[in-house]
Amino acid sequence: MFDLKKYRKKSPWILHYNAGSCNGCDIEILASLAPKYDLERFGVLNTGNPKQSDVFLVTGPVTFRSRERLVELYTQMPSPKVVIAVGSCTCSGGVFRDMYNVEDGIDNYIPVDVYVPGCASSPELIIDGVVKALEILEQKSKEIELPKKLFGTIKEEEGVLNLREMALSVAQKSEQINAQKSEQNEN
Amino acid sequence: MFEIVLILIAPLVGGLMHGSQRVIRARMQNRQGPPLLQPFYDMYKLMDKRAFIVHPYHTILGILHFLTLWLVVALIILGTNLLYVIFLHLLATVFIVLAGFSVKSVFSHLGANRELLSLLAYEPIFIFLATGFYLFFGTYDISVIRENSTAIMTLPLLFIAFLLTIPLKLKLSPFDACEAHQEIVGGVEVEYSGVYFEFLYMAKWLEYIFVFSLLTLFAGDSILFAIALVAVVFLVANIVDNSTARVNIQETVKFLLIWGFGLSILNIIGLSFV
Amino acid sequence: MSKKIVQIPLGSQHISLLEPVKFKFSCENEKIIDVDSDVGFVHRGIERACTTKFKYDKIAYVVARVCGLCAITHSLTYTMSAESLLEGEVSMKAKYLRVLMVELDRIHSHMLCLSHVSENAGYEALFMQIMGDREPIMNLQEKISGNRVQFDYIDIGGVNRDISLSVEDDIKVSLKELRGKIEDLINEFENNYTLSLRFKGIGALSLKEAQEFNALGPIARAAGLVTDVRSESNDLPYSEIGFKIVTSSGGDIYARNMVRLHEILNSITMCENIVSGIPEGEIKTKFKGKPNGEALFRLEAPRGELMYYVKGSSKPMLDRLRIKTPTFASIPAFVEIFKGQEYANAPAILASFDPCMSCTAK
Amino acid sequence: MSSIVFLIFAPFILSIFIPLMSLKIRNFVVITSVISLATVAVNTTFSSAVSFNIPHYIHEVLVALDIFLLLYFLHRGRVQNSTLVSILAIVQLVLYAIVLNLSSAQDGLDIVVDGLSIMMYLIINIVGGLIIIYALEYIEHEDISAKKKNIFIAMLLFFIGVMNALVSANSIELFFLLFELTTLCSYILIGFRADEVATQNSIKALWMNQIGGVAILLALIFSITSYETIYFSELISKVDNTFLIPITLLIVAALVKGASLPFQSWLLGAMVAPTPVSAILHSATMVKIAPFLILKLSPAFTPFVSITLSLFGAFVFLVASVMALNKDFFKEVLGLSTIALLALMISLAAYGTPEATTAAMILLCFHAVSKALLFLQAGILEKNYHLKYISDIDSLINIAPKTLFFIMVGFASLTLPPFGAFVAKFLAITAISDQILNNPLNAIVLALLVLGSVVLAILYFKVTSKLFTKEVFQNFSKEKLAWKYFIPSFALFLLLVAGVLFMIDLKTIKVYELVVPTLLLVATPLLFKYATFKNTPRSKEYNCGEKDEFIVSTHYYEIAPKYLKLFSYIAIAFIVVLQVGGLF
Amino acid sequence: MKINKIEVTLQNVVEKITKFYDPTTTHFLTLNGVAIDETKTEIQWIFADYMKLNDNTVFYVVVDQEDVVPSIVEVIPSAIMSQREVVDMFGIEVQNSAKGLYLDEDSLQKPLSGGCTL
Amino acid sequence: MSSQFIKAFTNLFKKPQTTTYPQDAIERTENYRGLIEYTENECIYCLKCEKACPPGAILFVPCEDPVPNDKNKKSLKYEYNPWLCIYCTECIRACPKAELALTQSDKKPQIGVKGDRVNSEWTILEQLKKGV
C-alpha cells in the first residue's frame, strides 16, 4: 500500500542514558527538548523507556559500572534502532580517554550509528545528529541488532526467542574470534 | 450506515484530537510542536517496528483492552444503554489493569494500581451521571437522550463533576498520576513495545472519543451546542493541563470523591426537590 | 510483614534522572521505608588522572569535566588553589570576570534545577517556560566564553577571553528581562495550589538534621542554616558587588526552590554590578614556578561548598588533588529524607536537591 | 408435599447412617443422594405452592428437642468456660419457657412452600450438593481418622436437611428450633479441627448466633402478646405500622446470621474450619438465612424501617468491602466480600419493590454459585498447592490454569457483565434511582452502593491480577485435578453460564448486551491458550536498566483500627434506631 | 586559604575530633588521603567553620597500609561516604566501612595509593 | 495559578520561541569555538599543540610521504580528531604561529557516522605514535 519505512523518521522516540558523562551533554539534550530548539517538531518524544524507543542517545565514556546497564538497555530496544553518541567523551573517551575506570567510548560495547562531537555538544549539533540518525534509521532493516559485548547470565528457556541468549552467544563468538586472533598474533 | 462509518473512523478522530492536543500543548508552552498528524506517524512507525513481548497473556490483555474500548465507543455511537456502556467501560479497565499486574515489572504494577485507585475516583461519578440522565429522561437510552433538549440546566453540578474526571481519563495534568511519566514511566504501558504498544496508544485515542461523546450528551439534540461544548471543554482542559502540576493519586481520589462525587450527589438530591 | 514490601527502582536509567544514580526504595504501598543507594556510576578516576596524566596547567580543563553544571567553579577553585602555590598576582579585572561567569553559571544551574523540579512534579509547562527563560543566559555564556556549557574560560593567571562592550550591553538587557521573569516565577511557585501540594512540607530537612548531616548550599540554607562560602573567603571580590546570603526556613522542596529563586535575583544584581564596574587591566598575567606545598580552597558552587586540596612538590605533575564536591556530603541526608515520603514525590525531591552525581563520583 | 418431606428428611436419615459406612459405599451413597436431592429440588419448581401442618405429636418431640438443644449449649458453655454462651443459653431457656406458656395450641400452617422457598431449595440442594461431592475428596486430604471424616460428611448433609426445613417453616417457633440447629451445625463444623483457635472461634460463633435466637424468642413473645400468632404469614398480614417490634427483632436475627456489622467476626472466625465448611456456610446455607428472612418480612416494613435498613445495608456493604481490601488471607477476602454482598441483598430486599426484590433474588442465587465456586478453588489451592495467602500466589496461570480459570470466572461473575451479579447490580441501581424522587435519602443509599461496588471491583481485580503475575520465561504446565474437585467446579461454572441464559429470559437487559461481553470473556481464555506468539522475541521487564530482581506486589489498603471500632458503633446505632423505629 | 594542621594518632583521633566538633558552628568537609610513598599514607580529616573567614582545620595522621583507621561515623554521620571512598581509593581499612562505593570487582584497585602503578 | 492560566492562553496566539534550525542557520557569536583548522604550509612542527591538547586530539604521526615542508624533519603528519577534541582552544594558545598555522574557525564540527575515524581507527594512530 504505502511504504511504512518513511514514517520511521517522522516519529523517533528517544531514550537517554548517561553512561558516565559530566552531564554537560545531558543538560544540552534537555535544552534541545525545550522551547528554543524543540526536538518535538521532528516528532521526538522522550519516552525514557527502552521498549518504546527508536533512538538511543548515550552520553559519557562508559564507566565500568555503567557498562552492563548500557548493554541491558540496548538489548531492550526493539529494532530498527539507532544509537547516537553525544559528546566527545561518548565518541572516543574525550578528556577521559585512558582513565582507569573508563572504557573509551561506547562503540566498544554497542554499535554506534552517529557520533556527535563537541564538549559539550550544543543543541544545534544534537539536532544535526538526530536528523542524521533519522536518515540512517530509514535505511535500517528490522533484523535484531546485538551488542558487541554482554555480561551476566541468562535464564534457560526453550521455544521462544530469548534475546539475551542470542546476544550472549554472539558475544561469546566474538570473544572466541578475538582470542584466536590474539593467539595468532602471538605466534 | 452513518453510524457504522462513524464507529470505524472513531479511532482516527481520536487520533486527530490527540494530535491537536499535542499541538495546542506545544503552542501553550511557547514552542512549535509536532505536526497535527503526528499520532498517525507514530502509529505507522509502531506498525513497522519489531515488537518485543514479555509474555503472551500481557499482550493479549492489552489488545482486548483496545477492542473493548472500541466496542464501548461503538455502543455509545449506536445510542444504547448508558449505564451498560459505563459498566462495559469498566471491563475495558479491567483488562488493562490485569495486563499491568500480569508482568513482574514494578512500574507496570504501580501504574495498574493507580489505575485501580482512579477507578474509585471516576466510576461513581460516571454511574451517577447515568442516574442523573435516567432521572431526567426516564431512560438510560443514549439515543433518547440525544433526541431531547439539553439537560445541562437541570444537571449543572453533575456536569461540573464530569468535567473534573476529564483530565483523569485523558491523562492530563493535574490528574495524570496513572500515567505519570516522570515517576512510573507511563505505568501500565511500560512493558509494551512495537505493534502491541500501538493498541494501547490507540486506546488512548479512543478514550478521547469516549469522554467527549459522553460530554455531548449534555448538549442534547443541538449539534452546534455539542460542537461548541467539546471545543470549549477541550481548550479549557488544555489550559488547565498547562497550568498545573500533577497531584498524586491519593489527592486525586480524595479531590474527586469529595468534590466530584459530592457535587453529583447534591445534584441528584436536588432533583428530588425540584 | 515482609510480604507487603514493594521494591521500586529509581535509576540508574530513569526518565526523571539526568545522571545515573541508583536508588532502590523499599516501600509499603508507595510509602518509602528504606532506601538503598548506589552513587558510583560515574566514577572515571579524575583524581588519579590529574596526578599521572595531566600537567598542572592543563588540570583546569580536566576538572571542568568533573561536572558540566558547575564546571566553572571546579576550574576556578582548582586554579585559585594552584595559583596560591605559584608566584604571581591575578588582576582585578580577571577576578571580576571570573565572578561574572561563576554567577551566570549559578543562574543557569539554578534555573535548570527549578525546571527539573517542576518537570518531575509533573508540571511540563513550567519546565518549558523556565527552560525557555534560561536560553538567554546560555546565549550570554556562549558570547563570553564561546561555548554554552563547558566554558574553559578560566586558566592559571586569569581568564582566556576578554569581554567586549556589545556583550556587556547584551548582559545588561538580558538580565533586566530575566529579573522580571524570575519575579513571575516566584509568584507562580508561591501561589500555584497544585505546586504547593507537591512541594510544601514534602522532603523536609530540619535545621538540626542539616547540621548533623553537614548539608551544604541551598539545601542547608533552605533549612535555615546560615552558611555560604562566598562570605567565608575574601579571595574573590564578593563583598564589593552586593552579595547577600539568602536563607529560608522549613527545609522542604518549596523552601529550596525559594532559596534558589532569590539567589538568582541576588546573582542578577551581582552580575549587573560587575558589568557596570569592571576595572581596567590585563585579563591574564604570567605565573612563575611549579606548584609547591599544600593548598586548600573552598568555593560556593551552585550546589554548595566545593573544596579542592592540592599538593605539589615543584614538579609539573601534582602529588595529590582532592576534590570534595557538595553533593557528596549530602548523600546521607538524601537517604534520610526519602524515608517516610511517598514514592510519587521521590523524583521531585531528588531533583530539588539538585544532585550532581558526576561531581560525587568524579 | 412428598418431595418436601423427602428434601427435609432424607438428609437427616442419611446423616445418621453415613458414619457407619465404609469409604466406597459412603461415596456412592452420598453422590446418589446428592443427585436425587438436587433432582427433587428441581422438581419442586414445577409443583404449585404447598402448605401443610405437621402432626401434633411431632410438635411435642420438637419442643423436647429444642429444650435439649438449649441445655446442650448451656453444657458446652460450662465445659468451654464461656459465660456468654451459658448466659445466653439460660436466657433463651427462660424466654422459651415463657413462649411455651403463652402459646396455646394454634391452628396455622407450620410448613408453607412458596416461590422464595423453592428458590432456596434450588440453591441449597444444588450448590450444597456440589460442595458435598467436593468435600468427599477434600476430607481425604485431611489428617484425621476415617470415622471423623464420615462424621464430617454426615454433618454437611445434616446441615442441608436443616436448611431445607428452615426455608419451608412458617411457624416462628419451628423456625426458632431450626435456627438453633443451624447454629449447632456451624458450631460443630467450625470447631471440627478441634485445635485451640478452632474451639475459640466456634464458641464465638455459638454465642453470637445465640443472640439471634434471643431476638427470635423476644419477637415471638411480642408477636404472641400483640398479634396472637406464631406464624410468619399471619404476622406479616396482621402487623400494625405503629408496633413493628416483632419484625425488627426478627431483622436482628437475620443480621446476626448474615454476619453484618457488628456481628461479622463469627463468620471470619469460621475460616479455620475445613474449606467445604466455609463454602457451605457462605454460599448455600447459614448466611443466606439473612436475605431470605428479610425478603420474607419485607412486605411488612414501614417506610422508616425500609429506608433505615437499606441505609444500614448499603453502609455495611461499603464498610465490609473496604475492610476486605487490606486482607491477605484468601478465604478472609472471600468472607468479607460475602458479608458485603449479603448486606447489599439485605439493603435491596428492604425496599420491597418488585425490581429491588428481583435484584436481591438474582444476587442471592448468583452469589451462592460464585462464592461456592471461589471457595472450592480456595480449598484446591490450599490442598494441592499449599497456598493460603494472596501475596504468595504468583504465576498461578502457569501452575494451575484450570483453577485460575475458575477463580477468574468466580470473580468476574460477581461484578462484570454478562453475569447475574452484574444484572442484579444494574437492576439495583435502577430500582434505587426510581426511589430517589420519593426520598432523597435514597441518593445516599445509591452513593454507598456505587462506592461499595467500585471498592469490591477493585478488590476482585487486585486479587485476580495477583494470580496473573508471571515472569518472562516460565513454562506452562498442565494441571491435574481430581474429578471430585473438577466436576463440582465445572458444574458451578455451567450454572453461571446457564444463569446468563436465564438473564436473557428475564428481558430487563437486551440480548446483545449479554452476548457481546460473553464473546469477549470467551475469547480471553481461548486466546490465552492458543495465541502463543512463538516467534516474537521476548525481553525482560524494564527495571531502569538494572538487572536485579525487584519485589513486586499489589498494594494493600490499611484502615486504622479506630475506624473499625467507629464502624461497629455506627452499625450498633443503626440497629438501635431500627428497634426504636419498630416501637413507634 | 589558611590551614591549621593538627597532628593526631590513630588512638586519640576520635576523642580529639569529638572534642573539637560542634555541629552548630563547624562542619566536616571530607576525609582525605595523600600517598606519601609506596606504603605510607597521610590521612586527613578536614573541617571548616561556618561563616568564618578562611578557616580550615585539618587533623592528620600518617598510617601504613595495614593500619585500621577508626571510624568517626558515630560523631559525624555524614563521614560515612568519604570513609568508604578512602577504603576504595587507598585500600586502607576503615572501621565498619564497606568496599565498592566506586570500584567494581574488575576495575583497578586502590588507584590512589602510593603502590599503585598503571 | 490564574496568571499561568492567562499565560497558557495567550501563548496560544503568540509566535513560538522555537528556531527553525535545520532550515535556517543559527547565528554564530563572535567567540564561537568551532573546528580547529590547520594550515600545513605554515606549521613549524614544534609539536607544542600536541603536548598542550588535554585529550590528545592532535597527533603528529610518522608517515612515509609527508607534504614537502623543510621544517618537517621527522616526516610527521598532522592528524586531528574532531570527535575527541574538547574545543578548549588550548592548542591555539600554545601555538607560536597562532591564527596562521592553527586557527579556530566558526565552522561547526561534522557529525560522524560509521566509518569515520572516530575511535578504533584513532587508536591505531595512537599506537603508531607511541611506537616512535
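Note that the chains take the letters A, B, C, D, E and F in the order they are written out, and that residue 1 is the start of every chain.
FYI, contacts are C-beta pairs under 8 Å (C-beta built on N, C-alpha and C of every residue); 3 or more make two chains touch, one makes a residue touch a chain.
Every value quoted in this text rests on a predicted model; they were computed, and no experiment measured them.
Counting steps between touching chains, the shortest path from subunit D to subunit E takes 2.
Where touching is counted per the definition, the chains common to subunit C and subunit E are A.
Centroid analysis (C-alpha atoms only) places D farthest from subunit C. Relative to the whole-protein C-alpha centroid, the nearest chain centroid is that of B. Rounded to whole angstrom units, the spacing between the C-alpha centres of subunit D and subunit F is 81. Computed centre separation for the pair subunit A/subunit C is 29 angstrom, with centres defined by C-alpha atoms.
Separation between the centroids of subunit E and subunit F, computed from CA atoms only, is 41 Å. Centre-to-centre separation of subunit B and subunit E, using mean CA positions: 58 Å. Counting only residues that touch two or more partner chains, subunit C has 6-9, 12-16, 30, 40, 43, 45, 48, 61-62, 65, 125-126, 128-129, 132, 135, 147, 150, 192, 194, 361.
Touching of two or more other chains is recorded for residues 26, 28-33, 50-52, 106, 109, 181, 185, 190-191, 193, 242-244 of subunit B. Taken residue by residue, subunit F touches two or more other chains at 1, 4, 7-8, 16-18, 54, 86-88, whereas all remaining positions touch fewer. Pairs of chains in mutual contact: A-B, A-C, A-D, A-E, A-F, B-C, B-D, B-F, C-D, C-E, C-F. Looking at the complex, you find that subunit C touches subunit A at residues 12-20, 38, 40-46, 48-49, 53, 61-62, 64-69, 71, 112, 115-116, 127-129, 131-132, 134-135, 138, 147-150, 356-358, 361.
Chain contact summary for the complex, subunit C toward subunit E: residues 39-40, 43, 45, 47-48, 52, 84, 211-214, 216, 225-228, 231-235, 294-298, 305, 307, 309, 311, 319-320, 322, 324, 328-333, 361.
Residue ranges on subunit C touching subunit D, taken from their complex, read 1, 3-14, 22, 24, 29-30. Those residues of subunit D that touch subunit A in the complex are listed here as 472-473, 533-540, 542, 545-547.
Residue ranges of subunit A in contact with subunit C, taken from their complex: 15-28, 30-31, 33-36, 46-50, 60-61, 63-66, 69, 73, 89, 94-96, 98-102, 119-120, 122-123.
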